[in-house]
Each structure stands twice: as C-alpha cells, then as structure tokens.
Amino acid sequence: MTAELFIQQLINAISLGSLYALLALGLAIVYGVLKVLNFAHGDLVAVTGYIMWFFWMKYEIPFAFAVIAGILGATGISILTELIAFRPLRKASYAVKLISSLAVSIIIQNLIRMFIDPRPRGLRIPAVFDKVITVGSFHIGALSIITLLISLTAMGILLYFLLRTRWGLALRAAAVDFEVTRLVGVPANRTISLAFAISGLLAGIGGALWVIRTGGIAPAMGLNPIIKAFVSNVIGGLGSLTGAVVGGLIFGFFDIFFKAFLPGGARPFVDAFALTAVVIILFFKPQGIMFKKEEKLK
Amino acid sequence: MISGWSRRRLAEALSSWLSVIILLALLVVAEIIFKNKSYTIILTNFLIYTSMVVSYQMFMGNSGIVSFGQVAFFAVGAYTAALLSIPSEIKEVALPTLTPFLQQLQIGALGAIFVGTLLSGLVALVIGIVITRMEPDAMGIATFALLVIVFKVIHNWKAVTRGGLGLYDIPAVMTPAYAMIGLAVIVGVSLLFKASPIGLKMQGAREDALAAQSLGNNLRPVTLVCYVLSAMVMGGGGGMWVHSIRAFGPGSFFFHDVWNMISMMVIGGQATVTGGIVGSGVVTVVSEIMRFPEKGMVIGSIEIPAIFGAVQLAVALLLLATLIIKPSGILGSKEIDFGIFNWIKSLNKRIRK
Amino acid sequence: MSDTLRASNISKNFGGVQALSDVSLEINEGSIVGLIGSNGSGKTTLVHIITGVYQPDSGDVFVGDTDVTGWRTDQIASRGVGRTFQIARLFNGLSVVENVELGVMSAPNGEDIDSVVDQLLKRLNIEQWASEQASALPYGVMRRLEIARALGIRPKILLLDEPAAGLNEEEAFELLDIIKGISQDPKIGCGILIIDHNPRLILNLCDRIHVLDEGETIAEGTPEEIRHNKKVIEAYLGKRYAEERSSESR
C-alpha cells in the first residue's frame, strides 16, 4: 500500500462519497418537511437515466442537453409524486407515509417496465469521462474529479439558497417546526412542493452522475441509490442536512476502502462489511453522528 | 388465572382463532374435494405466504416499527430446514464440502422445521439485543442491513448453500392440509401474543412510547421479545415453505418478497393478525388475475401483448389506494371473528328452553 | 413506610434558559398538593424531572427512602409514581378498555384484570365508552381516561398536569369531585399533585399550594395563606389587581 495508492483511493472515496452525499441530501430535504424517508427518491435516478437514454441514445441529442433533460424530468416527476401520493397522506402516520413511498417506488419501476422495457440497457458514455489525469505520479480519473466538482457545486448552491433566500429560510423553518411555520403564514403546499422540487433536482444531478458512472439503466436501478441515501442519512443523523453529507462521505469511504483492502476471498462480502460497520456506528450513536444521545421528548 | 392476563382478551383471541381455523379448513376441504391442480398450488402458496405475512405482522403490527429485514429469518429457517431435511445422498453430491456431520444428518421434515425455528430465534436474539437499543428509524435501517448481509452470506457461503444455485430435492411433504395446520399454529401464536400482557405493552409502546413508559413499561425487553418471537415464527414459515417447493435459491428472499409481504399486511389491516390472511387472499387473487395480462393472452382473434409489470403495478396501486382511502386496511382494528362463543351461548339458551 | 415524594433543590437549565431554580416540593400520601404558576413558570418541567423524562442539573428526588434521581421513566413509574400529561397522551389506536388495561397490567397483584379495569372505568364515569377507540372520544372523556389509566398502576403518588384544561365549568368540577374521591379513598390513598391554571379550582381542592414563577418558588402554604399572599397575586394577576385586592381587605 503505497502512499500514492492510498491518496488515489482517498480521492475516489471522497468523490464517491460526495455522490452519495448528494443523493442523501435530496432525501434529507424531503425528510425535513415530511419527517419521512421517501423511498421513491431512488427511482428518480432511474427516471433521469431513462430520459438521458432517450435523448442521447435514441434521438442523438448532445450529451449535455440529455443530462439537463434528465435532471428536469426528475424534478418534474418528483413534484408529481408529491401531488399524487404524498399530499393526500400528509396527516398520516410515519409508517403509512413510508410504505406509500414504497408503493410509489414500485409504481414508477413497473411503469418503466411496462411502457419502455423490462430489460437493462446500456449507455455509451462520452469519452471525456474515461480520461485519466496524471499529476506527478498520481493517476486520477476524470470521472472522479467531475463527480466531485459537480457535487460540491450543487451542494454549494443549495447552501446559498438555504441560507440566503426567503424560501430557503422557509424550508429550514419548516424542517424545525412545520406547524409553527404555517402559523406565521408560510404556505404549506408550496413549501412542500419546493422541497420535492429541490429533492428532484438533486436526485437528477446525482442520477446523471450515477448513470455516467455505471453506464447502464434498468427499471429497478433505483434500489442501490436509495439504499446508499437511506443509510447515509441514518448514519449522519435524520433531520440534519450536514448529517446527510457526513453520512454520505462516510459510506463512500466504507465502500471504497473495504473494496480496496479486503483480502480477495472476502471481496464479495464488501456490502456486508460496510453495512455491519454501519450497524456498529448506529449501536453507539443511535440518533446518528450529528446528534448526541439527548433526552428527547418524543 | 395467570397473573396479568385479561380473560376478556384471551377469549377474543380464542374466538378469532377458531373462526380462522374454520375458514382455512373450508378452503382445504374444497381442495380435497375438487382436486384441481392449479388450485392446489395456489392454495399451498397462499397458505405459506400468509404464514410469512402473519409472522411479519406480529412484529410490525404490534411494534409499529417498519422492519425490512424480517424476511432474513424466513431465509434462515428455510436453509436450516432444507439442510436438515434433504437426503444425505443428495447432500453428498450437491454440497461436497459440507462438514460430514451435517451431510449425514437427516431428520424428518417436522424436526427440520423445528430446528430452523430455533435457529432463527437465536440469530434474532443476538441481533435484537443490538438493534433494540436504536431509534425506530435506525432500527428499520439496521434490519435492512441485516437482510442484505444475510442475502450476501447465502450467495457466497457456497459450501453450505450452493450460493446462487440454491438447494434442491427437499422432500415435498407439504400438502395443503399440513400447510393449513402450520398456518393455524402461526396464527394461534400470533393471536396469543397480541392478547398477552407483553403484546399489549408492545402496542402501547407503538402508540405512545412516553405514555407507555409512564406506566412502568420498559420498552427494550418488550421489543426484543416481540422481535425474537416474530423471527421464530418467520423461520418456521420458511421451513414449511421449502417443503412445498422442493427447490429454491437466494433470489427468493430479497426485496420483492419484502414488498409483497408489506402490501398484504397493509391491505388486510396491519393492526390485526387475521388482516394478514385477508390481505394475502386479496393480493393472491389480484396477482393471479393480473398474471394473464402480464403474460400476454389471446382472446378470440385478438392478441394482447405481454404487459410487463402488470401484477406488481396492480398490487402497488391497490396498496396506495388503501393507504389513502382506508389506511387501517380492510379489517381495520377488528380481527376476523364469527362470534363462535356468542353463538354457543345462544345455542345453550335455546336448548335450555 | 410512608411513600412521600420529595423533590429537593431542583434546578434545570435548557440551553441558556433557567427553567427551574432551586425548587423543592413535597407530596404526602393522602394529601392533595396544588402547583400553580403562569405559563412557562416551570410546572410541567418539574413534573418531567420528577418522572425521569429529564434529568435535573442539581437536586434530587426521593420516593419514600428511595433516591430515584437519574432513574428512567419506567423505573420511577414502577416505584409508584403515576402521571398524566398536559396534552393527553392516550394510546390512540387502542380502545378505552385497552388503555386502562395497560395501566393495570403493569401492576398485577393477582386480582382479575378485567374487573379491576371495569372498576376504574366506573370510578371515572366512563364505562359507557368502554369499547370505543381512544381517538374517537370527547375531550372530557379523554382526560378522565388518562387518569383511569394512571390509576391502574396503583400509584402511591399521582401527578396530574392540568387535568381540567379545556373542560367547561361543569365538567371541571365533576372531575375535581372524582379526584377528591380518589384522594379520600382508603383503598387508593395516593398523594396527588395537581397543576392547574384556574386558581378557584385549586384553592377549593388542595391541602397545600405551591406557587412557581419563572422557575422559582414564590410562595407555599395553605389555600388561605396563598389567597392573601401579595407576591402571588402580583405575579399571577398583575400589580394593579394586587393593589385593588389589598385596598379591598382594609
């Protein structure tokens, strides 16, 4: 294990971690206002991927536009799911909301299977993403750098929005206490739709990066992203945006480093190890890393 | 009088149980009379799937914790029972690297299922001690992590499980009648738990944890007992299942089954044990109907192409509709109960006259 | 022998806000103690600390000879301290009977659970609602259900947080009669703490009254003493009213 290899893996880990963080953030924004983890968030990645496929592979529209179309599509579908499934259930219990998000997820997946194709498809990824940049004796993939840059930019813009705009303030207030926020006059419906829009946007960006990374699409491809996002949120601490980012980075680290350092025979068990590590973290910090084991009046 | 038990709740549970047994018996008798092959298969599947749902409801319904990982215990029970039930000659060929002790060990189906149940409980105990310390959200994720871990272990511990190839030649002893008995036992255990003091405490914790604590209930051991019992029943269901399908593999235990289970439980009514039976029945019927468009069919001279995803979509829409229109499910909070005791009482009155 | 609840020198600070400063309170079996004070004076916080929901920064809580400071809520409840909440926390998905059963099941002593539950329902006048779901009850019945449930654990000390809040005059007085009956019933004989806003209710019912203002004890004594305590009147009803009353009593 040379220092160079370590640093290369470190960069990979930060890059992957930032992707997870992006996906986790999208989930956390909706969690802030609805107090439930939206299972269908992962399927927005699939939506992005399929739109990208249509624009790029079928109609041969330039890749950048395909990506933008995908992101817009994810945003739109996200808002749509809120209108159809989550608005009628706003007063429902946590378990009901969670299960209904699961139902929405299955519906999206099967609509894709039904109207497009149940089989997986590949995407030809533009060559620019395969480039490897050499700095001294370090070899860094262009994909890693691009992922990192885009994720950081997106998170930066989000941060600006949350901290410096009125609607950002409304979202933050709603995350702390929705009822009170409504009482002071912030419209509930628009706030929640905004949350879903931002969430969809982040899912679209993360989804595009995901598809570029994996080069393929399939109806059930949202399962992996949602697991990463879910777990990142829980490790970091539900209800904390910083926690989502921290959790994403940690989980990214686990994935890369377990894969890199596990002996060959144990390689297939990477996910098992990563998840066991997660459970261990949760054992000591049941409320996530960002929260102390506080007295909470439930 | 057992200390702490409410006679009223026990009587209600017993009445429900008898009603369920009558219902199931009717279904099985119909099978024996009509001997329709596809009905037999659907019925057996329905009965065993229902065992899964009822076991799942035992934990999630009573505790309110959405646990994605209970299915893992179904897998533990299934593999354990299969390993102990498959004839030794087959094991020598299929699992050559398995320790000779296990290769030679072959106990009857009943014993195999029993051991599977115990092992599931043991695994659940170890895991439960860890995860009942967590918040409900964290616990849901932890159980999901468990599912993924179990799935990965099954896939990769080839010496014991044959990985993705799965196990085969399990003695197919599970007839609808046996499945019915198994389900009746599972339903009985579940109803008994719900009526017990500890079951009620679990429900109280589900409704309002702080209020439950203010009555002197320590929630952690209660949740643990609920978790372990539910896991054991799941394991038993898994053991039963392998004896009806003769061959299986790890593909059976992942997300798709979790999803099906949750749908059945919610549609039927997650607050009740018998809701699982109703939900399972509804989803089974809907699935069987939607299987036709899913495969594509020919009506007269019109050919309808296969509509992929029809089955899952139909169930998902049904689930969503249930959640929006009647979130408490078809049964709501009342168990199936034909009022047998009242019926007997009124019979008695009429006889006395 | 006696199970007096004794909270001594309780202080609690929440992120810069001093919720309680050096508050001491005692509740004896068989007596009714009133706890009054304006909103935010720390009444509910004190109850939360006594029942283990929060831990005090300093001070201790004794039940009889047992130091329960730092114990968990369920442990303290098992030691005989029951409570109701400012906003009723019922088991909404369960029936009235099941709510009370949960209380009774927590302290089984060989008696038939069902008949103990029925007795409690009768005592609180809610037996006609027995099989209703807790979420479908009228407000007054909800509050009485919460008390019936708390009584199920056979408490030595019962802490009632604004039990009459939201009830009309008639319902409130009916409730207070029931509470008086509980206190005087030799079979139960628990010490009761009542938090309430309405001074008239408290003054009529309690043996002793404890007054909090902004986390501090400003007065303590019999209803008569409190009624004429200038500081109390000032804090509670305002300086002008205090002056009017003192000019009245001349």
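Details
In this document, chain identifiers A, B and C correspond to the written order of the chains, with residue numbering beginning at 1 in each.
Everything below uses one rule, namely that contacts are C-beta pairs under 8 Å (C-beta built on N, C-alpha and C of every residue); 3 or more make two chains touch, one makes a residue touch a chain.
Keep in mind that what you see is a predicted model, and the values were worked out from it rather than measured.
Once CA atoms are averaged chain by chain and compared with the all-protein CA average, the nearest chain turns out to be B. Using the mean of the Cα atoms as each chain's centre, the chain most removed from subunit C is A. The pair of chains sharing the greatest count of C-beta contacts is A-B. Centroid to centroid, with C-alpha atoms defining each point, subunit A and subunit C lie 48 Å apart.
Per-chain CA centroids place subunit B at a distance of 44 Å from subunit C. Our note on geometry: subunit A versus subunit B, Cα centroid distance of 32 Å, whole angstroms.
Within subunit B, contacts with two or more other chains are made by residues 210. For subunit C, the set of residues that touch two or more other chains comprises 53. Across the assembly, subunit A contributes residues 297 that each touch 2 or more other chains. By the touch criterion stated above, subunit A contacts subunit B in their complex at residues 37, 85, 88-89, 92-96, 98-100, 102-104, 106-107, 109-114, 118, 219, 223, 227, 230-231, 234, 238, 268-269, 271-272, 275-276, 278-279, 282-283, 286-288, 297-298.
Interface residues of subunit B, counted against subunit A in their complex, comprise 60, 64, 66, 130-131, 133-138, 141-142, 144-146, 148-149, 152-153, 155-156, 209-210, 255, 259, 262-263, 266, 270, 307-310, 312-313, 315-317, 319-320, 323-324, 327. Interface of subunit B with subunit C (complex): residues 1, 3-9, 197, 200-201, 203-204, 206-208, 210-219, 271, 333.
Those residues of subunit C that touch subunit B in the shared complex are 51, 53, 72-75, 77-78, 82-83, 85, 89-94, 97-98, 101-103, 105-108, 110, 112-114, 117, 133, 149-150, 152-153.
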